[in-house]
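Structure below; questions to follow.
In order of appearance the chains are A, B, C and D, and numbering begins at 1 in each one.
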Amino acid sequence: MTELLEEILEECARYTKEGKLADYIPELTKANPDDFGIFIISGDKRVSKAGDFTKEFTIQSVVKPILLLLALMDNGIECVKNHVGVEATGKPFDAINYSEQKLLSENINPMVNMGAIAMCTLIKGDTYLDKFNRLLELTRLLANNPDIEMDEEVYLSEKRTGNKNRALAYLLKTYGMIKDDVEDVLDCYFRACSIKVSCADLAKIGLTLASHGKSQFTGERIFPAKYAYYVNAILMNCGMYDGSGEFAVKVGVPAKSGVGGGIMAIVPTRMGIGIYSPALDSKGNSIAGIKALEMLSKKLYLSIF
Amino acid sequence: MTELLEEILEECARYTKEGKLADYIPELTKANPDDFGIFIISGDKRVSKAGDFTKEFTIQSVVKPILLLLALMDNGIECVKNHVGVEATGKPFDAINYSEQKLLSENINPMVNMGAIAMCTLIKGDTYLDKFNRLLELTRLLANNPDIEMDEEVYLSEKRTGNKNRALAYLLKTYGMIKDDVEDVLDCYFRACSIKVSCADLAKIGLTLASHGKSQFTGERIFPAKYAYYVNAILMNCGMYDGSGEFAVKVGVPAKSGVGGGIMAIVPTRMGIGIYSPALDSKGNSIAGIKALEMLSKKLYLSIF
Amino acid sequence: MTELLEEILEECARYTKEGKLADYIPELTKANPDDFGIFIISGDKRVSKAGDFTKEFTIQSVVKPILLLLALMDNGIECVKNHVGVEATGKPFDAINYSEQKLLSENINPMVNMGAIAMCTLIKGDTYLDKFNRLLELTRLLANNPDIEMDEEVYLSEKRTGNKNRALAYLLKTYGMIKDDVEDVLDCYFRACSIKVSCADLAKIGLTLASHGKSQFTGERIFPAKYAYYVNAILMNCGMYDGSGEFAVKVGVPAKSGVGGGIMAIVPTRMGIGIYSPALDSKGNSIAGIKALEMLSKKLYLSIF
Amino acid sequence: MTELLEEILEECARYTKEGKLADYIPELTKANPDDFGIFIISGDKRVSKAGDFTKEFTIQSVVKPILLLLALMDNGIECVKNHVGVEATGKPFDAINYSEQKLLSENINPMVNMGAIAMCTLIKGDTYLDKFNRLLELTRLLANNPDIEMDEEVYLSEKRTGNKNRALAYLLKTYGMIKDDVEDVLDCYFRACSIKVSCADLAKIGLTLASHGKSQFTGERIFPAKYAYYVNAILMNCGMYDGSGEFAVKVGVPAKSGVGGGIMAIVPTRMGIGIYSPALDSKGNSIAGIKALEMLSKKLYLSIF
């Protein structure tokens, strides 16, 4: 298996040349576009890994399923669905999901920025820092890694330059979908995106979702199975931005990518996969990461279809 | 199992009162809104059924996955993907998927009308009637039912009143996505939508897709497994119109609905399901049909997530 | 004055190199891109002219104000406004003025194709050929030229290739804004666009609008003054496609352009101007024609603002 | 003339019942919906007035032409046009004029909020308070009224609740159309909207625009005539929000409305008109104010078409 992974990385490394680093925040341009790592953990905790799997990077949009999970744990499915819809938008992740002077919960979903920002308001906590700390705690628990921390530089960089997200948040505010102070909500969101993880972390979080909420590390049930079905289904339809359809036909498993270069893939009941390769395609997905998952899916019959 | 199905139909029958019959073509308003049937066939060909499962109705959009399958069989994945994209549009099925004076294959998918009309041109055949006849043949083969025919009245009604589809087709023509005569292409499409099926037919077609192309009835491989992965993945993301996300979280299997009231659901490797109940929700999906599938999914752990 | 016009043509001739001939119908590419003519007629019937002012070309969209005038004469302001709105659309002339699955009269105006096609249905006449003949008659009357005819080649070319207009017309049909046979309505529209005129004709039609409906040639009142106010106001806001704002600040008079290369400008109470130069800018307006009008407006203080 | 105005007010007063007060900022709901005043001043400084013409109200969007004028005076036509386009958008005044992940100067105009906010950055001044003070000075000069002040309550109310404008401004920032601090720019814009005026002030500002920049009060030229042509043309096409087309056909003169209930109308070379009636139609225009202008235009032949 390690051999297979090494082969795949070698085969797919050339695609890293075709992508480019995210540049919407200055900090992300400091990544090494040649980095490429993969980490797989199966239901019986067997681990396979290759390449730069120990490299740390910011979680970015891969935090969205964790945010959704916490929103579900805090509020239940009905409440979350009433605030943030479940349909693919047909538009880029940072689009203004709004039309004809209306903004309805049906127009957004938990995997686009507007939906993710709205979900921050659903997390329990006295302050937005409390909310973020609870999210960080859950991330650590899902990954079975108490050392996960936030990247201060990236957080500050996001906060300084995140004007598109500010525009989205003020629009949410205008239409009553944010009640609190917009900068407080955004602070929580920018912190969430700046959580630092490795391929191993993503693979383990993926495994917990693949195991429908039961930690394979502690035996503990972290969340009810129904929330895993909810999160995984949404990842299938909207997890890879406006490339989700392409990913579904090529790879066929729920997954979430982030502009930091990470991808978390979930093979229900079977395994969690973490990939890192920061060169992105035009939709914001790790270009070599997707190619690797495509090869892996074919070799290991991963598609759930 | 039959008992379970009867229970479910009884429980869900009240939802038929909340929906309404499709009225965009006059013929469809002649359906009986109280009709409600279900037919399930599993991999070992065990059958369970309840209600009005023998009723015949027009296949309407449920023909789209069959159309896609034939386009794939005739042209391969790359060609089909180049002509008709794979991303959810975020819009209703009959929307004009077009923006800023451009129409690109990425803007459409095989489950929206524009994509389905475009797929008609990909089917092999000397005339559009030949193309349709090959589609009809494939439908019979997938359903293991040589008696499947077209409903002449519905076909003529569609042809007479299908002006929205005409607008969509002329737009495809304008942007070079239809090369042939628009009325010829539409004739094939209107015929395709008018194929008459029962719950049993839909269940059996679903089973063939769940079995990845191998007929459980004849043992014959009708199409390569990779096309089943392709079709099922697209159904998951776009099969239930702009209610696909909701269906994914609630039911969790690939499915296709039609405004005739039919739903075909595919439980990969396990079973095919056909449902009929012509009262529709606002998105054009059988309202009681979805409810029944939701209950069934919970009872039988059908979700693939 | 003739000297001034010759100077302006000389000065602006170089702009013809920056534009290109309309190519959406094959016939239009046969024009000579170097042709450039101007014809001005004032309230006291003094004429000034220069360049290729005798060249004939098809009227194309410049027929829209005449179509609007006849619709007003046949139905009155209220009726016309209820069928076809009066607001600028912010979109190109052949755009699909439609959003969110609705098509309302407010979404269109008489100067975009959808509005112009809809107006054909408002003209009185037993058949669509009758309607067209009445339009042709009115055109002759306004231009004081009984010899105006339709260009058969261009008409057939439009009819053969006008698929975008077909798409627009079927959309109008879908939403009840066309009751009759779509091809009949389009036939009338394609004929209307194919009327053959010269700069002199456009200038004289413009003068009749500038004179608020009283023919300066016969002394006869052709239509009530209120319709001139209506038509001229709409030309100001929407006459030059999505370049109407630019034209208003630069030239400052109501005008209408056509992709055949003609521009008709109306200086209320003072004069009518006809220009011909078939090289178009990216919005479909005669590029040198606009430049000439800009110079002329500065020299003769034409702006009504 | 006074008699005519009184008649018109009496006739149109009933329309105030059909409109409603702006409620997007709390302060505006404190207006008296029955207030109705008009003030006309002609080129020879003859004044006619009726009703509540002394009532003060906030200028709101009627400040946009003054903002445009100052931007022109500070930067010239080319620069202003490069930053803020001139085409009608086909959308409401507070719309997000943005599509397909791009925001270009062509997408906005000086009369929609995005354009007006962008224009604040073009005003000269060391700070945004300086910029505002220069705008206030110009307003006083145009109105020949040194006592014009800002309404502190309305300003604070706008600043507190103007989240839609914040969303628009952060979008401008994202796409490089604002370089400075967004809150600073908005502060200037909110102050500008909160300038307190009467019908007399609006009429006098209108007269200065009708007189192409030469003050009829001091004989001084305040700005070059070409800027008046520019401003008046844009008002014609976009001044009455997405009701500009309707206004053009019914009244036929450049005008600007504000959600405070004011309308400033400009009859080029002839007169300036100020109207106040705070009950608005669905597009944000004073409902009785428009009716009064329509009657007045018919009686006095005001249409420039």
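Definition applied: a residue touches a chain if its C-beta (ideal position, glycine included) is under 8 Å from a C-beta of that chain, and two chains touch if they have at least 3 such contacts.
The model shown is predicted, which means the values in this text are computed figures rather than measured ones.
Although chain C and chain D carry the same sequence, what matters here is overlap: shared residue numbers make up over half of all numbers found at their interface.
Matched by residue number, over half of the contacts between the chains of A-B recur in the interface of C-D, chosen from C-D, A-D or B-C. Comparing the centres of all chains, each the average of its CA atoms, the largest separation from chain A belongs to C.
Inter-chain spacing, taken between the CA centroids of chain A and chain C, is 54 Å. Centre-to-centre, using mean CA coordinates, chain C is 32 Å away from chain D.
For the pair chain A and chain D, the distance between C-alpha centroids works out to 47 Å.
Those residues of chain A in touch with two or more other chains do not exist in this structure. Taken in their complex, chain D has these residues touching chain C: 77, 81, 85-91, 109, 228-230, 232-234, 236-238, 242-246, 248-249, 252, 254, 268, 303-305.
Note for the complex: chain A touches chain D at residues 92, 95-96, 98, 101, 163-164, 166-171, 173-174, 182.
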